[in-house]
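Sending over a structure as structure tokens; questions will come in a sec.
Chain nomenclature is as follows: A, B and C, assigned in order of appearance, with residue numbering initiated at 1 for each chain independently.
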Amino acid sequence: MIYDRNNLPDDIKNLPDADFEPLHQEDIKDEKFKTKPVGFFKDAMIRLSKNRVSMISGAIILLIVLMAIIVPNITGYSYTEQNVAQQNLPPKIPGLEKLGIFDGSRVLTDRRKDKLDDTDRYPEGCIIEIFNEHDVKNVTMCDVKVDYYKYSGVADGEYHWLGTDYLGRDLLTRLFRGARISLIIAAVSVAVNLVIGVVYGAISGYCGGKIDIFLTHLAEVLDGMPYVVVTILFMLVFGAGMFSIILAMTVTGWIGTSRLIRAQFYRFKGREYVLAARTMGVPDKTLIFRHILPNCVGPLIIRAMIAVPGAIFSEAFLAYIGLGIAPPEPSIGILLSNGQSVLLQYPYQVIFPAVLISLLMVAFNLFANGLRDALDPTKRGEE
Amino acid sequence: MFRYIMSRIAAMLITLFLIMSLSFIVVRLMPMSLFENPEVPLEIQKQLEDKFHLNDPLPVQYFYFISDIVAGLDFGVSVKLRPGLPVFGILINRLPPTILVNFLSLFISIPLGLIAGTVAALKRNTWVDHVISFFVVIFISVPSFVFASALQYFLAFKLEWFPTLYDTNAATLAQQLHSLVLPIIALALSPIATIARYLRGELIENISSEYLLLARTKGLTKVQSIVRHAFRNSLIPISNTLIAMITGIMGGSLVIENIFAIPGQGGLTVKSIMAGDHFLTVACLIFYSVTSLVTILLVDLSYGLIDPRVRVGGKKS
Amino acid sequence: MGNEYMNKEVILSVKDLRINFRAYGGLVQAVRGIDFNLHRGETLAIVGESGSGKSVSIKAIMGILANNAIIESGEILYDGMDLTKVHEDEFHRIRGKRIGLIFQDPLSALNPIMKIGHQITEVLRLNDKMNKHDARAKALELMKAVGIPDAERRFEQYPFQFSGGMRQRIVIAIALAGNPEILICDEPTTALDVTVQAKILELINNIKKERNLSVIFITHDLGVVANMADRVNVMYAGKIVETGTSEEIFFEPAHPYTWALLSSMPDLHTKERLLAIPGTPPNMIFPPKGDAFAARNQFAMRIDYEQEPPMFRISDTHAAATWLLHPKAKANGIEMPEVLRARIERMKGSGVQNG
């Protein structure tokens, strides 16, 4: 609606005079920011804490780490303690056994029924249920569900929460001892890779020129080698053992990090404020440690987080191939591959390490994803 | 362009050379060398001594080692697993099942992954997307051998839908494939997830791009613009993903073949490592390297051909 | 000069358009009731800051609003249709063929891995079912018309092989390929070098004349407006605050916001300080009561905080929505700032013309 000023409707025409008094505005200012500025990391932590998936993953990781530290020491069994009489016991957990699961029972198939009364074979009280009676050549056979613990002559009150393996070793202890070993291997190899990568990339990026070209080409050639092949070859040369595994994983693991650091150096070398600082006499060391490296911290942390499950995976892989750490020391991979050979008979020996490694890998990946989103500078200020 | 190809081939050859040198160290210089081993039958020891010029200085041995391989594909003889038999022959025999399984895994994972990624991108942030993303995380994180065990136990042992192990006596191709279903699935899960995640990311970014908007404003329908612009652009930089997928499948098959008793190269490698038959092991590894590197080179070069920025511009974008 | 078009037919008519966006904080009122007409053959400029609603309005015309946009009410009448009601499945017939759009940044607007020849001919071959030969011929003709030299060879090239100005010419060629009668330009020169800007503007003007197009030109740069526009709409906070021929806007601006815009343009003779417009545009989730510009308006009166000013007619072609035009305001003797008056005198004196 466009109004003709000579022909205004009454409600507009007759507005009070006072309304048309000019208001002498105070200086119109730009709106002040009402909140204090939040630093980059603090902002990232806030965003991370709001990410439920990451928080849960982080909690799971923490829980597993704690258990890896504590559990092997409190079970009462040692990870090497062998007891052939207690071979392959199924899991038995106090409390849950009353519910019918994890009660240490197992079904024995095709047993002669007449032998069931023989207490040398079937100790007192171990038979829980008899079923599937059938006759084979005039002999009555049946399937029998026994309390395998009693059957094996295990004393009352002795529990193996996750069962035992073929040498009678307690699997709960071994599982978390294995988790401990796997985590240590992963952590150490990632840390070593980080250090090598940072140093290599820093030298390459800082020096530039021929040194840089040489180092970069060298890294590229190393990177070209198939990871599997290199790792296996190294293991063959150095033999089994934790040291060899860590060494094998550090042959090429640092390359990605070195590229990252080098790129950061290059990004900053051209920046004006660096040039300015240099002309003012700021020593290079300060520039490196105060300006360039802190910017790398975010991506570095993310890389490390992602590298850990990779290391755990590598170690398990090597174990499957027969290049794991030396027995009797367990690792998750060794437990998995040991269990694999009896998968069809005693699946529980695979299930527990499988669940644990899956949890670890998924949790680390999810946490790393959340970390990446949190540290993404383009998302600052997002809810 | 030509220079680019040449430099990549040169890099590959250098890498191969390095690997062969490392192998030499493994075979010769490591403790428990086969040559001192009293367990090894005498005739074979003699054979080895002659062959490998053990009485000559190291550099000479090195030279013969390399030249034997390059010129005559002669990797020596197996000592532990199949004493006396030339390694190369053993290897070749075991290739077909490996190629079959790996190829089929790759072959089914590409379309499945593309579909999953496209659906997730188009239905972004709906429950469909969340479900797909959930499975993507699981399939990428959990190692393939865990899936293999699970598949073997539940689908083969319990449900008896598939045989638990590779059926070496399969009469027909169909039967053979039937017994390969589980290993193929186990190997394919991770590549499917990898490609799905990658495509979802690229598609989402490209769908919200300006040039897609332009496509719509000039009169293309939504479907036309997404397919002809967003989708096509998303597929172009796929080479990195492909390389990761191939590497994953090749590595995974080492363990998967073991689990399903497939008489392939991977299983052979594992067996020979466990038996300590180093000539065989080294040969397997060199073979593996060659296959892996050549495949990667091919993918890399073809990417160079497809992306016009590389092809025309003459520089890597 | 803008007068001559006022007698031509109206080909596009926007009536009381209101558009909101669903955002995290609430509902953002991006366009709060705008009315304007586009006459055949004219160039209408829409001027305003970021957030004024100018881009949103033209996106509504093209039917390319984001998913979280809601057209609350209003009509966009074109050729017997109401564009706000046209279904997405049908809209592709209008886009490109009847109404074309030129983008701001030609670098991101072109598909980097598709040959530009193909990008021009794509729609012709897909939806118009033109054959390859004809489409190519047409594309080459277009490329020549927009000033791309060596068209035969360039047809096969990729966007990265062109300079910024050339890319924008390609974007223009694409927009013209469907023979639209309306051309919308969304800040087409903002991303270009100053030297190239003038050439592109000249090109648009020439094309408009040759093909008898009607043009809507979005910009925040008044200098561009002076060169291009027959009529101008000034937008602020989702509303049109002043509309008129470009002579009227430049020589007789009536709204304090227009005064502020004109004052903030630097020119060679400016000895005094540039008057930047203080303050920031208001939060459109909770639009202020009264005149949205009041808080930044040094000439505000009490009523500006109470009631939104209606559009007051100044001439047949000129109107502004400010209480300053109310008879009672005249009495208080509020006038445009001296600086501005002096500048306008200079402009008139140096014979700044349109077209």
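Methods note: a residue touches a chain if its C-beta (ideal position, glycine included) is under 8 Å from a C-beta of that chain, and two chains touch if they have at least 3 such contacts.
Here the structure is a predicted model, which means the values were calculated and not measured.
Contacts with chain A and chain C are shared by B. Summarising the inter-chain layout, the chain whose CA centre lies farthest from the centre of chain A is C.
The largest tally of C-beta contacts between two chains is found for A-B. Spacing of chain B relative to chain C, judged by their CA centroids, is 56 angstrom. Centre-to-centre separation between chain A and chain B, using Cα means, comes to 24 Å. Remark: chain C residues 24, 278-280, 295-306, 310-313, 319, 323, 325-329, 331-332, 334 touch chain A in the complex. Contact residues of chain A toward chain C in the complex are 1-5, 8, 12-13, 15, 17-23, 25, 27-31, 383.
By the touch rule above, chain C contacts chain B in their complex via residues 62, 64, 88-89, 92-93, 95-97, 100-101, 103, 105, 108-115, 122-123, 126-127, 157-158, 160-161, 171, 174-175, 177-178. Against chain C, the residues of chain B that register as touching in their complex are 209-211, 213-222, 224, 228-229, 232-233, 236, 307-309, 312-313. The residues of chain B lying in touch with chain A in their complex are 11-12, 14-15, 18-19, 22-23, 25-26, 29-31, 137-138, 140-143, 145-146, 149-150, 152-153, 157, 164, 247, 250-251, 254-255, 258-259, 269-270, 273-274, 278, 281-282, 285, 288-289, 292-293.
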